[in-house]
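Dropping the structures in below, format is structure tokens.
One chain, chain A, appears in both complexes that follow, with chain B as partner in the first and chain C in the second.
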Partner chain A sequence: MLKIIIPTIMLIPLTWMSKPNMIWINTTTYGLLISLISLSYLNQPNDNTLNSSLMFFSDSLSAPLLALTTWLLPLMLMASQHHLSKEPLTRKKLYISMLILLQLFLIMTFTASELIFFYILFEATLIPTLIIITRWGNQTERLNAGLYFLFYTLMGSLPLLVALLYIHNFMGSLNFLMIQYWIQPLPNSWSNIFLWLACMMAFMVKMPLYGLHLWLPKAHVEAPIAGSMVLAAVLLKLGGYGMMRITTLLNPLTNFMAYPFMMLSLWGMIMTSSICLRQTDLKSLIAYSSVSHMALVIVAVLIQTPWSYMGATALMIAHGLTSSMLFCLANSNYERIHSRTMILARGLQTLLPLMAAWWLLASLTNLALPPTINLIGELFVVMSSFSWSNITIILMGINIIITALYSLYMLITTQRGKYSHHIKNIKPSFTRENALMTLHLLPLLLLSLNPKIILGPIY
Partner chain B sequence: MNMFSSCMITALVILTLPIIMSSTKLYKNKLYPYYVKTATSYAFMISMIPTMMFIYSGQETIISNWHWMTIQTMKLSMSFKLDYFSMIFVPVALFVTWSIMEFSMWYMHSDPYINRFFKYLLLFLITMMVLVTANNMFQLFIGWEGVGIMSFLLIGWWYGRTDANTAALQAVLYNRIGDVGFIMTMAWFLLNLNTWDLQQIFITTNDNFNLPLLGLLLAATGKSAQFGLHPWLPSAMEGPTPVSALLHSSTMVVAGVFLLIRFHPLMEHNQTIQTLTLCLGAITTLFTAICALTQNDIKKIVAFSTSSQLGLMMVTIGINQPYLAFLHICTHAFFKAMLFMCSGSVIHSLNDEQDIRKMGGLFKVLPFTTTSLIIGSLALTGMPFLTGFYSKDLIIESANTSNTNAWALLITLVATSLTAAYSTRIMFFTLLGQPRFSPMILINENNPLLINSIKRLLIGSVFAGYIISHSITPTTIPQMTMPHYLKMTALAVTTLGFILALELNLTTQGLKFNYPSNYFKFSSLLGYYPTIMHRLTPKTSLTISQKSASMLLDSIWLENILPKSISYFQMKSSTLISNQKGLIKLYFLSFMLTMILSLLILNYHG
Partner chain C sequence: MKPPILIIIMATIMTGTMIVMLSSHWLLIWIGFEMNMLAIIPILMKKYNPRAMEASTKYFLTQATASMLLMMGVTINLLYSGQWVISKISNPIASIMMTTALTMKLGLSPFHFWVPEVTQGITLMSGMILLTWQKIAPMSILYQISPSINTNLLMLMALTSVLVGGWGGLNQTQLRKIMAYSSIAHMGWMAAIITYNPTMMVLNLTLYILMTLSTFMLFMLNSSTTTLSLSHMWNKFPLITSMILILMLSLGGLPPLSGFIPKWMIIQELTKNNMIIIPTLMAITALLNLYFYLRLTYSTALTMFPSTNNMKMKWQFEYTKKATLLPPLIITSTMLL
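What follows is the complex of A and B.
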């Protein structure tokens, strides 16, 4: 694992020593090279995990997320060039360093083999994200958003620390690799119910579960583009990843503890997607659609069947790329219109036809058009929830319909119709932006050809 | 016999060539539409070879080639099913699309993005081919959704118009409701049969197929615009006329009926679903025929007639005659595409005038279009020895002789007679009588692109039914013997409809138009369906999502319960507990007093 971690650390001196006009190019290229290394982990030759050392390992659950993390850094760098173009050089370098630091923490979080280590890094990712949101956000509300972001996730995850210390006390180890062989079934008692809650709530808040999701739209709306991208693409997935890792400890309590959370997620995904129908703010719409998609992942993880785990893993990767692409598109609109309000950016297809094609493709992947991996994820989740209880198909069905509606509503409002006069003299789309969209879309399409590498360990 | 599958694959590959070419310089060429059209015609000719072989030998094939993935015990691979249905449907669809493409070269010639339009048309056709030839449900679903999305793009082709966008969104919405049924069926098959391959689904015996079949019926209702999910079909007329022609003839709307035909082995012994299908089809065919009676937009009338015919196909499935339904799909494709192209020709000639009240007397200025329009309408009503006759007559006969729901059959008969009525109305108002359009229009239909494409379909509308129904013996045997009066029913009701409509039109033409009756309003307002469903439902659901989901829950309750209340209590308690009240004067006073006191005391002491 050091072959990824050390190059990532070395990105920081690269940033600070690069010539002023080379900082973006150098870091982006170097970041892409690192992501190439991470691809090798996708090849998991046997059923066991790839143990790099006592501290780091990767298996087919963490490898796709690792690849996604490393893939996203160059994309974030490409996306934020315009946003930072007016900043002084030191601040640009500081910004890039923050992104690199975040990637470093994320890589270590996804590959940590020890739960406490995982916990520390899980919390550590908050710091660079907080700085990115509150320092480089666009409006004063960013401070409030940062506060929400920090306190929601921190409050959720503090009980986890206590729970982990307790588990360590009676089990003697918190190593993922060993725990799965030592684990005893938890007897059903009040204290164990609290243990379950303490372990799961941290990740539920991070996902976020409906009801605890308020920080997400605020953080997304206020964050700069790179912040939104990494938040939607990777940070939310930390929750799903953590839940999948920790539920092995909590059996058989999950079987009945899952009910309230399943209900909340099933209900919440319809609520959040119907909120999307009424959004006027483009970024807020995408943020709420993330909540709705993540609710599917929560449902899938709580059902705990092989098919649902496959669906959850596939959906996490698919959603990571799709929502990140949508945020990039929203940002490219924002840079031209200087507003996130959708109604001000009507009829862009007339002016920017290629951008309209990207919008179309992004919306189609968001509404899970076959045969993209989004569909594979959603289909598996729907199937496992259908087998869990036939009635859930009604809720899932409503969600599928509303998802299609708001995706196309977003597409039609921004791209179709007559363009308004104030957007007549906007800039054409840059090659940088088109390349950015292509780099989001290519993995989505290529993974559709061979989805089994992102179907997780159970596949 | 290897020619069989290889020719079929060649035909399908040829279709994809213009799509691949679109990344090259050829796409910028003015000849691109011509290439697309030629590719389609070549694909048609090549696909005729395996079809002939199929007709000769009756050999069914399944091609499995690319292994996609194996999930636990389920294998998913790309596979094509070349059986009766796909082998007959593919050439029909290719033939019809070929003509439509040639027609759109004429109709869309002034569109700046004509190349993209052709690419979309071709993609639409390809997704339909994928749907028809699919041998597993996943591949079928790819085609199914692809058709839906391409219809979204094509209906919303003139994206500057609000109506076009609304219609496109409507199409996706109604189709998406159907998709839920499809997804549920996929989930059910996976859980209970552990397979998505059609042949494996058909050989397993499970007594209770109600749930998946209901899902399929819902899917077919959405895609084929059956009653309840029908409004998107007439709205789809906002798209360009070639799109309507393609959408209504050989692609998209017949996909739902085709799905039910595909899964007919499961429906065969399930009375519940058959009755449901029958009733649904009967209601659809009558309701849409009634709606067609009072429309004034020529395209809307034809659209409602499609809807009515789709209802008839569903009825046919409901009386357990899938082969007849399939025959009707094939024959219907020819004359329906032609009807749309004729109305496109009329509309284009009259400077985009779609109202039949402003037409009239076109038989003198557009003789060729008139001929084809009349033949198409006659074929639609089931005039003997035209294409429609071979399927429609058989359908009515087998419906009459079957011992199912008599009400449903009666409704179907009424709808058949109404078909003749609205067809008369189109002919009467557009073609006959005195011209009512502006005299300044220069009318010219002598364009080879227009004439040839319609001519080809005209020949199809006259002979295709005979050829198709005589080269292939249907596997389910229709009723062979019946009383004389039953044999004549279909013809009699159609003739009755014709005569009644003609007489009514003639007698009422000079009359003053009174305040319309309620029956008229019911029909012209499409049964109040759009008024109720398209205003009330979205309004309530959008209000709910705004008021309760967004405002009440998200902005008020969730915000207040956690963050706001915590910060509030923190603030309150901190001010309560703290002994710093901000009383600066008092603090300083006490400070001063203490100082003075201490000074005094210390001084005294000292």
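What follows is the complex of A and C.
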């Protein structure tokens, strides 16, 4: 694992000591090289994990997430080049250092083998994200957004710390690989209910669960593009990953405790999808769509069947790439018209046809078109929730319809129809932007040829 | 103040604390406390204005009362055990009196009312000495009598201190008052585990002193005592603003900064002793603290506050060179790898 961590740490001196016109090129290139290294971890032995050291390990659940994280860093850097071009050099380097630091913490989080180590890094990812949102966001609401983000997450995760220390005391060790073998069933009692809640609420807030999702639209909308990308693509998946790891400790109480959260997720995904239909703000639409997709992941993790775990993992990876791509597209709009309102930039297909192609593909993957991995994820989740309870198929079906509705609504509003007359002067698409979209889309489409690698440890 | 007098007074302050820490005879400990208090009064009154005099008077009254209470506890202990050596205090009344006296000296709730007012009335340098050096002596005595302290009393004081420190600091814009409420909250954390694992208290005290020293030195660099004047720092010392950011997040107890270590260790010790609700409550109340530190960072480091000057250079005082040593220590000390 050090062969990923040490190069990522060394990216920081690279940014500070590069020549001013080379900082972006250097960091992006080396970021891509690091992501190549992480791809080797996708080659997993069948039923087991790949142990690197006492503190790091990677298995089929964390390896795709690791690849996603490392793949995203060069993409974030490419996306940020335009809006940082006017800043002084030191601030550019600071921004890149924050992104690299965040990347480092995320890599360590996904490969941590001890749960307290995981917790510390889970919290540590908050600090660079907070700095990116509040320092480089664009509107005054970003201060409030940072506060909501930090405090929602911390309120959920402080009980997690107490719960982890209690479990450590109780079981003797928190090394994830070992406690898999020492697990005793958790009977149903009040104190165990609180233990379950303490363990899970941190990840529920992070996912986010429908009732606790207030921070997400604020944070996503106010963050600069790299912040939005990393938030949507990776930080939400931290919640899913953590939930999948910690539910191994919490059986069979989960069967009892899951009901309220299942109801919130099932209802919430329909609610947030419906809100998407009425949004005027493009980034806010994509943010609420993230909540909706993540609610599916929550449902899948709480059901705890093999198919649902496969679906959850696939959906996390697929949603990461799709959501990040949608934010990049929204940002390309924002950079041209300096507004997030959807209807101000209509009919872009006539002006930017290649970008319209990317918009089309992104919207199609967002609504889970076969044979993309989005569909695989959603389909597995729908099937496993049907086996858990037959009625959920109605809610899932409604959700799929509404998802299709708002994705197409977004597509049609921004791309089709007559263009609004004041956008005739926008700049054509940069090669950088097209490359960015390609790099998002190519893994997404190629994975549909071999989805085995993202289906997680149960496959 | 003339240098020879300042040196003598500083030496007396240090000697007083040293005497408290090193002696095993209760009378000498009391003498050390008195020396310390009397010598620090002129330091508190360095600036000769009514506010400083009021602050020194309040400080003197509370500390003298606490010393007298301590003496009473010592005498009761002498009555029941027949000796002056500091050791396990068998009589509960004496133990409670001593604990109360020492917590009064520290500024733990419900004896916390003097801390914000005294800290606000004095200069930044005196405030720094007040909030860091003056905590060492009472903490060392609490460490030594820790087996015989009544846990319920101290835990109650600790819990209320954390709550008071959190809520009291919310409405403040004056930096010294913010640091005072921060001190109350941190003392609360320290008092919570003295009876369970006093070593953690020493860890917390050390890290707290390091962080508070760094914070005060960064404030003194800019001679800023209000949030508003701190917010002008981005123009003059952009590097220092990022240090303030990290320091404030460390004081708030965010991983992976070193301010998280004492909180983690304290919660670990408390859960090992089967207390679950109290550390959860303390941890969540510490979020209140984090809120006002974060508000400070918002105006200082994370936004470019409208300021009137466009100067890029400023006179740097000599003694603040030391400030550059401490913050890196503050940041990097979580060595998990």
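Operating definition for what follows: the second predicted complex is superposed on the first by the 458 of 459 C-alpha atoms of A that agree within 3 Å, B and C clash if a C-alpha of one lies under 4 Å from a C-alpha of the other, contacts with A are read in each partner's own complex, and residues count from 1 in each chain.
The definition used in the following text is that a contact is a pair of C-beta atoms (placed from the backbone, for glycine too) under 8 Å apart; a residue touches a chain by one contact, two chains touch by 3 or more.
This structure is a prediction, so every number in the text was calculated from the model and none was measured.
S.K.: State whether chain B and chain C clash or fit side by side on chain A once the two structures are superposed.
M.R.: fit
S.K.: Tell me the contact category for A:T134 with respect to chain B and chain C: first, second, both or neither.
M.R.: Only chain C is touched by A:T134; chain B is not.
S.K.: Answer with first, second, both or neither: which of chain B and chain C does A:I12 touch in the superposed model?
M.R.: Neither chain B nor chain C is touched by A:I12.
S.K.: Is A:F151 touching the first partner chain B, the second partner chain C, both, or neither of them?
M.R.: Both: A:F151 reaches chain B and chain C.
S.K.: Figure out whether A:M55 sits in contact with chain B (first) or chain C (second), or with both, or with neither.
M.R.: After superposition on chain A, A:M55 lies in contact with chain C alone.
S.K.: Where does A:L344 make contact in the superposed view: on chain B (first), on chain C (second), on both, or on neither?
M.R.: neither
S.K.: May I ask you to decide whether A:L186 touches chain B, chain C, both, or neither, giving the answer as first, second, both or neither?
M.R.: A:L186: touches no partner chain.
S.K.: Any idea whether chain B or chain C touches more of chain A?
M.R.: When the residues of chain A touched by each partner are counted, B comes out ahead.
S.K.: Which partner does A:L143 contact after superposing on A: first (chain B), second (chain C), both, neither?
M.R.: Only chain C is touched by A:L143; chain B is not.
S.K.: Between chain B and chain C, whom does A:Y166 touch in the aligned arrangement: first, second, both, or neither?
M.R.: In the superposed model, A:Y166 contacts chain C only, not chain B.
S.K.: Between chain B (first) and chain C (second), which, if any, makes contact with A:I37: first, second, both or neither?
M.R.: Neither: A:I37 stays clear of chain B and chain C.
S.K.: Rounded to the nearest Å, state the minimum C-alpha distance from chain B to chain C in the superposed three-chain model.
M.R.: For chain B and chain C in the superposition, the minimum C-alpha gap reads 6 Å.
S.K.: Which residues would you name on chain A as touching chain B in one complex and chain C in the other?
M.R.: In the superposed arrangement, which is not itself an observed complex, chain A uses residues 151 for both chain B and chain C.
S.K.: Under the definition above, what is the set of chain B residues touching chain A in their complex?
M.R.: 69, 71-72, 138, 141-142, 145-146, 149, 152-153, 156, 159-160, 162, 165, 168-169, 172-173, 176-177, 179-180, 183-184, 186-188, 190-191, 211, 541-542, 544-546, 549-550, 553-554, 558-559, 562-563
S.K.: In the complex, go through chain A and note every residue touching chain B.
M.R.: Going by the criterion above, the answer is residues 148, 151-152, 211-214, 271-272, 274-275, 277-278, 306-307, 310, 347, 349-350, 360, 364, 369-371, 379, 382-383, 386-387, 390, 393, 396-397, 400-401, 404-405, 408-409, 412, 415-418, 450-452, 455, 459.
S.K.: Give the list of chain A residues in touch with chain C in this complex.
M.R.: Residues of chain A touching chain C: 55, 90, 94, 105, 117, 119-121, 123-124, 126-127, 131, 134-135, 143, 146-147, 150-151, 154-155, 158-159, 161-162, 165-166, 168-169, 198.
S.K.: In their shared complex, at which residues does chain C touch chain A?
M.R.: By the definition above, chain C touches chain A via 238, 242, 245, 249, 254-257, 260, 264, 267-268, 271-272, 276, 279-280, 283-284, 287, 290-291, 294, 298, 301-303, 334, 336-337.
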